[in-house]
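Input: structures, listed below.
Here chain A shows up in two complexes: once beside chain B, once beside chain C.
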Partner chain A sequence: MTAASLAVQFLNGLANASTLFLLACGLSLIFGVTRIVNFAHGSLYMLGAYVAWSLTQHLSGGVGFWASMFGAAVAVAALGALIESALLRRLYRSPELLQLLATFALTLIIRDAVLYIWGPEDLLGPRAPGLAGSINILGRAFPQYDVVLIVVGPLVLLALHVLLTRTRWGAMVRAATQDRDMAAAVGVNQAILFTSVFALGSGLAGLAGALQLPREPASASLDLFAIGDAFVVVVVGGMGSIPGAFVAALIIAEIKALCIALGSVDLPLLGTVAFPKFTLVAEFIVMAVVLIVRPWGLFGQPQSIQRALNPAEPPSHAAPRWFYWLAGALCFALAVAPLALGETSYALVLAIDIFIAILFAASLYSLVGPGGMHSFGHAAYFGLGAYAAALLLKSAGAPMPVALALSPLGGALGALLFGWFCVRLSGVYFAMLTLAFSQIVWSIAYQWDAVTGGSNGLIGVWPSQWLASHTAYYWLSLALCVAGLVFLRIIHLSPFGAALRAARDNPLRAEAIGIDRRSVQWRAFTIAGAVGGLAGGLFAFSKGSISPETLSVSRSIDGLVMVLFGGVESALGPIVGAAGFVALQDTIARHVDYWRAMLGFFMLALTLLFPGGLAGVWRRRS
Partner chain B sequence: MKTRIISAVLSLCALAAPVAAQNIRIGEINSYKAQAAFLDPYKRGMDLAIDEINQAGGVGGRKLEVVTRDDNADPGEAVRMAEELVSAEKVDLLAGGFLSNIGLALGDFAKQRKIVYLASEPLTNKLVWENGNRYTFRLRPSTYMQAAMLAREAVKLQKKRWALIYPNYEYGQSAAATFKALMKKLQPDVEFVAEQATPLGKIDAGAVAQALADAKPDAIFNVLFGGDLAKFVREGTTRGLFKTIPVVSLLTGEPEYLDPLKAEAPVGWIVTGYPWYGIETPEHKAFLDAYQKKYSDYPRNGSLVGYMTIKAIAAAIGKAGGVETEKLVGAFSGLEFDSPYGKIMFRPQDHQSTMGAYVGKTDVKDGKGVMVDFAYRPGADFQPSDEEVKKLRPAE
Partner chain C sequence: MTEPLLHVRDLTARYGAAQILFGISFDLNAGEAVALMGRNGAGKSTTMKAILGLIDARAGVVVFRGEHISRWPTYKIARAGLAYAPEDRRIFADLTVRENLDIAALPARPGREPWTHERIFALFPNLREAQDRSAARMSGGEQQMLTVARALMGNPYALLLDEPSEGVAPIVVEAMAETVLKLKGEGVAILLSEQNLPFAARVCDRAYVLEKGEIRFSGAMDALMRDEAARRAWLEV
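Now for the complex of A and B:
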């Protein structure tokens, strides 16, 4: 590799950094002011690309092209304003996670809407008129359009800087970023401010998507890729910091360009290392390293004052006696159900999935609820349990019951390791570090062909003969699910559980009375990992195969959705939520074409009508 | 909304009405929403075949019926759908699968529950070799077969320094490994000067195109498809990568991947694909006419695969004289059936069909990417020797 090729690769990195920055700065801006972690940001980016494509079909020439770009940005900004005023405005006083659920529902709806409007085929847009060719840099052809991108990023940074520091609107935005209650108290009209910020942030996402059109076809999977990138950039830079987002975008894009430029290199001790393969996970490695060293990102500050939005949760008590009788009766009814249903009933299969989902959701709930730790990467421990079980069976030759019994160890060991780093962080940064670790684990499973079977995963992971029937496996899942729930409940009600809640509700006072917050949270994290691992082990043997999907972000999100679906304030939440979610998904996926959008609408209705979740409906009535 | 209500009402009616007992039910699982560009045409192909067969009186006097399920691109859900199809819908056999991991999961499910599974699309070699089993059959030409077709063309170029670019997951890795192994055998002085494994769906095309150019290869072997391919083609063209360097490229001639490129489709690449506009055989003409008549649209490769999946199943049931699993296994093994690609056989030694692919060069005509100078390559000609297959596949 020559210096010249390295220099041009640096320019490639700059062009990508601009795109990343445009994508991420809107998210950072929105978070800074409204505190909403907007999952739909990637969807707005995708919409920008699609709208721009449609506009370019009607407007031609240089003027038409650039009009399309800005038209797309404006259209997406308008949609953002609509989303903010019609939906999110109702949720500012709701728990953070509920807002997340609402924006996640939006991603489901927007993706199906895109498929409905534009169809499934990728849409390749036109090149920018007059900028379709290349210029010669150090003997290499470099696209003219990339030069434009390299300039656009810093220009937008500058414009935002001026807007935020030199205008009255900017002063209000900064005030609200620092303390939104105080800003409201001195007369800043929050409704207008929030709507305008959300519109601007959305418009920037739309612009980023539109500007990407000459380099990339519009496709219905852009949203997921974009949202991952956007989160990473925002978090690495420090949430709410626009210059931070720029620096983070630069670092990540340049590291990727360098990996690609290096290619396969022979290193002493390590043998041949294929650096391009690291691009799969480079951004998450960067994020993990940055968060470990700087818990608030590169340019971020400790999260600003946020006054308690909800009345503190009443202390937990053991349920009344009749409740245990009821639960016992329900377990008995579930245990005898297979005798009535018969071995070939699909209800048994669905019930096994529900038990596993309940166990997984309950382990996540023990973090999110009593622990107050919002994990975005809980699938890692589920997956580690599943892989541990499968590897013990396939590679170590362990009998199936032993492999299953050891699966919690897989989850626990992973949680022990990653938890140590994670509990040093809080809030969104905690969430993002858990996400980064889960992505790193995923990429290892995805690439380590010799051990994990790579993207194909491991197959032939079936239970022993005596557990192979649906009925037997149903009983096993039911027993382990109940045991796991009881175990978590006992911990929740123990002095340890009280210490955990104290650390959540008031870290300062908790430490003052001698509770070691980090240690308590670390232990809770590990316990949750172990129970998640057990769910993973059960999952592996129920399906007969596992693949990296068991570790994927979407499983982590499904878990969160289940917990929120049921309601975070009730220990019954994960049970009701997981059962409801799995049953609902199973039913509508079979009968409705656009079932993802349907699920999205359902979630939106839930967040608006029953912010306490399904389990909260009952509570509110009583 | 209206159609949603109608479909909901219809499904309720379907639940209420007793299922016609004598229908043969095929359970079909696919990632319909996640891979819609391939699978929408696929479903149309299936429906066409079902119509044709049922209008001709069905198989052995019984009508065929397909029950489809969306697996959300998740193997765990695919297995649950399979359980549901088998236990609640009482299907007689399973088909479908797009992603390789889902194909493998369903194949293993078929083995465990002893039900026939015809994998229509997954390409992984493992499905018929390392993880092959008695109950699983596969229609589409495997990664190995398609890479072998191209390796034979690549040798003719007589280029020494090759660069490889592939998506970083099993399909890409195994295509690249197969190509390398075959090239070393066919042309011992071959050198591989650069390898770029890019994250699926997230290629950093500019940097990758430049890194390939900097390695100064004589030729490139490409495994990218979909959005990654579009980005790579555009960046590579702008940067002059393809001006002097020939490219050999897997699947690029399939309409699913070539059509979105429109006038910017690469010219002169050697590809595998499906040139539906130029196949003159009477079998294919019949299929093309029927498809265009029914849908007023041209078929994609997915349409062909969906159509052939149903035709293969119908032929197997006809040969078996019923839907009993062991009889079906016996019937599929060595089954010959008529398809738009002519006679195709399911090899008894590894349950892979001999469906082939067209190999040709890409070109642009009337602002659209097309294949020219193409010829059909029968799948049977691109297999390792039977001894090698025997070594790869576990004994039953």
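Now for the complex of A and C:
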């Protein structure tokens, strides 16, 4: 490492910090006023890049380039205004989980829209005219364009500061951030205020994406990368704090830059350490440290513990006797079904998928339902279970049954580690953190070629000979699925389950009667991780291969859709929901190109038609 | 007889499963001060919030200056000239005193002298020096004044004043009574929610007494003062 490379990396860090800040400050601003965490913020960033690309195809020269950047920001801002006024406005009083799902549905729709309009190829943008060269930093080349970026971040920070502290609009935004109802009572029209805030925040995301175009190509996977980064920055900086976002972006970008500048270093005792590899986990480490010291972020306000806003659920009881007879009969029917269907039946393959989905959905339900913890990253534990099983088999040479039996351990260990941080937060913060952790696990699996096989994943993960037939694996899946469900149900009905529900319904009262809320939630998180890991292990051996897709965010969301689809108030919900979801996906996805977008529209329709949550509808009918 | 400025009939409101108001009816005429009396939990604050549209689960007729406002959004009601000074004050703590006033400013009403900073500061001299201070760093009494001052910036026809004597020093209560009388003199109608009977008696002409979400007494303030049985039944703790 030389002084020159350190200097260049430091400047590079500043340029990256600018992009990160532009991306994150809009998210923070929108959350501050509307209290909605916009999962589609990364999608708006991605759209900024694509729209800028299209504009640069028609506008040339220096003026054309900058007009394209600005035009992309304006276009995305307009889309943001449309999204707010047409959709989110109807959801401000809905349960948090529905708001999050609605914005996530937007990411599915926008992703497919991008694929439809621009195609799957990465699109390389033009260099900025007049700024294509580089400047000399201690004998090293540093791109001129990055100098512009370095300036843009602080400029936007300054502009936002002036806007928020020196204008009447800014005072209204701050007033509404603090007390929406009182702002309305002095005549502030929230509809217009919220739409304008949403447009501004979206426009900043669009600008961030557009300005990034000369540095990296527009691609349809930018959205989830961007949202993961934005969440980390916002959590570190403090939700709703613009200066916090700036400082957090700076810290994270500079630590990554330092890792790159250090390169491979020979350290005593440790041998050669390749620091550039740490860029992946740098964000995680920064976030972890900040959350331990200040759970509400560097510049954020401590969160007040809130009671659940959802209507109280009726108490849980063990099911009546006839239900067990019915369940037993159903299990028996399912167990003998392969004898009637035959080994080659496709129904067996589909049923295995369904059993695995039920196990996964049930483990997620144990968090979302009785736990009241809205995890948006549960696929991480499914994936960790799958990778644990595959690695034990392939790298450690363990026999398949042992690898499968240890797969819950993979999920549980991950949940034990991440859960410790997550239970320190609640509500949307919890959702963001779980998603950020799952993104981190995903990128490690995606990039650590030597161990995880990178984007190709691991192949040849087949069950032992005696379990290799469809029928045998069907029985194994059925048995483990039923065992998992019974296990979760026993826990649900135990005193521990009651404590968990108490902590959900009224955290303060629960603590007042001696329940250690964090500890109870942490244990529940770990249990859910273990069962999710078992589902992942089963999945790995049923497919014969795994890839980073097993721990993708979309799998986490699929899980949530299954749970909501079935109804959050009933333990049967995830079973019905998962079976329905997999069957539907199996029939529709094979005939439709844009299945994700359809799922997105379906989710939007659910949230708009039943803004009080599906569970409420169920109960009203019963 | 002229139309009342604010006309409320059969107003009901609930929080979740708990019904708070069971059909409240009353009138507030232009230029008068009316007391809404009752013990804690009788429904005084809820009545005000329901009129302003700050409670979703509400029903009944609310007519303000001839318009049915019971389905209007809160900001529109405020702009129509119905101002609110809540009991918990709810000043915007992140804003300066001047910003608190400025975001509440609404256009002048025809035929009425508009409330300017000058007029506000003449009424509340303490606020003049505190203009650029953060509202969070003011004393309880000053915050109470700011709450009223902020409401006046909207040039209201009527002011819903919720327990201004709650939790402030006697000298501030005294100043508040003077202020309310001045405002009445300026032609601002006032609906005053109070538990402090001497204070209400000093500034109000008429009174309604609430108990468990229903109106139990309505009449002249003097009549309430004379009716010891009514006071004992519904007001005294």
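The criterion applied here is as follows: the second predicted complex is superposed on the first by the 486 of 622 C-alpha atoms of A that agree within 3 Å, B and C clash if a C-alpha of one lies under 4 Å from a C-alpha of the other, contacts with A are read in each partner's own complex, and residues count from 1 in each chain.
By definition in this document, a residue touches a chain if its C-beta (ideal position, glycine included) is under 8 Å from a C-beta of that chain, and two chains touch if they have at least 3 such contacts.
Keep in mind the model is a prediction, meaning the values are calculated, not measured.
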item	value
Which of chain B and chain C A:P217 touches, first, second, both or neither	first
Most chain A residues touched (candidates chain B, chain C)	B
Partner chain in contact with A:Q9 - chain B first, chain C second, else both or neither	first
First, second, both or neither for A:L476, with chain B first and chain C second	neither
Which superposed partner A:D122 touches (first chain B, second chain C, both, neither)	first
First, second, both or neither for A:A388, with chain B first and chain C second	neither
Touching partner for A:D181 - first (chain B), second (chain C), both, neither	second
Which of chain B and chain C A:I36 touches, first, second, both or neither	neither
Which of chain B and chain C A:L291 touches, first, second, both or neither	neither
Doubly contacted residues of chain A, that is, touched by chain B and again by chain C	none
Chain C-facing residues of chain A, complex	93, 168, 171-172, 174-175, 177-179, 181-191, 311
Footprint of chain B on chain A - complex, ascending	1-2, 5, 8-9, 12-13, 15-16, 112, 115, 120-124, 127, 132-134, 140-143, 145-146, 214-217, 219-221, 225, 256-257, 260-261, 263-264, 274, 276-277, 279-280, 344-346, 349-350, 353, 446-447, 449, 454-457, 459-460, 462, 468, 470, 539, 543-550, 554, 586, 589-596, 598
Touch list for chain C against partner chain A, complex	16, 52-54, 56, 73-76, 78-79, 83-84, 86, 90, 92-95, 99-100, 102-104, 106, 150-151, 153-154
Chain B residues within the chain A interface of the complex	3-4, 7-8, 11, 33, 36-37, 40, 69-70, 72-76, 79-80, 83-84, 87-88, 100-101, 104-105, 107-109, 112, 124, 126, 131, 168-171, 173, 194-199, 201-202, 204-208, 210-211, 213-215, 226-227, 230-231, 234-235, 238-240, 256, 259-262, 264
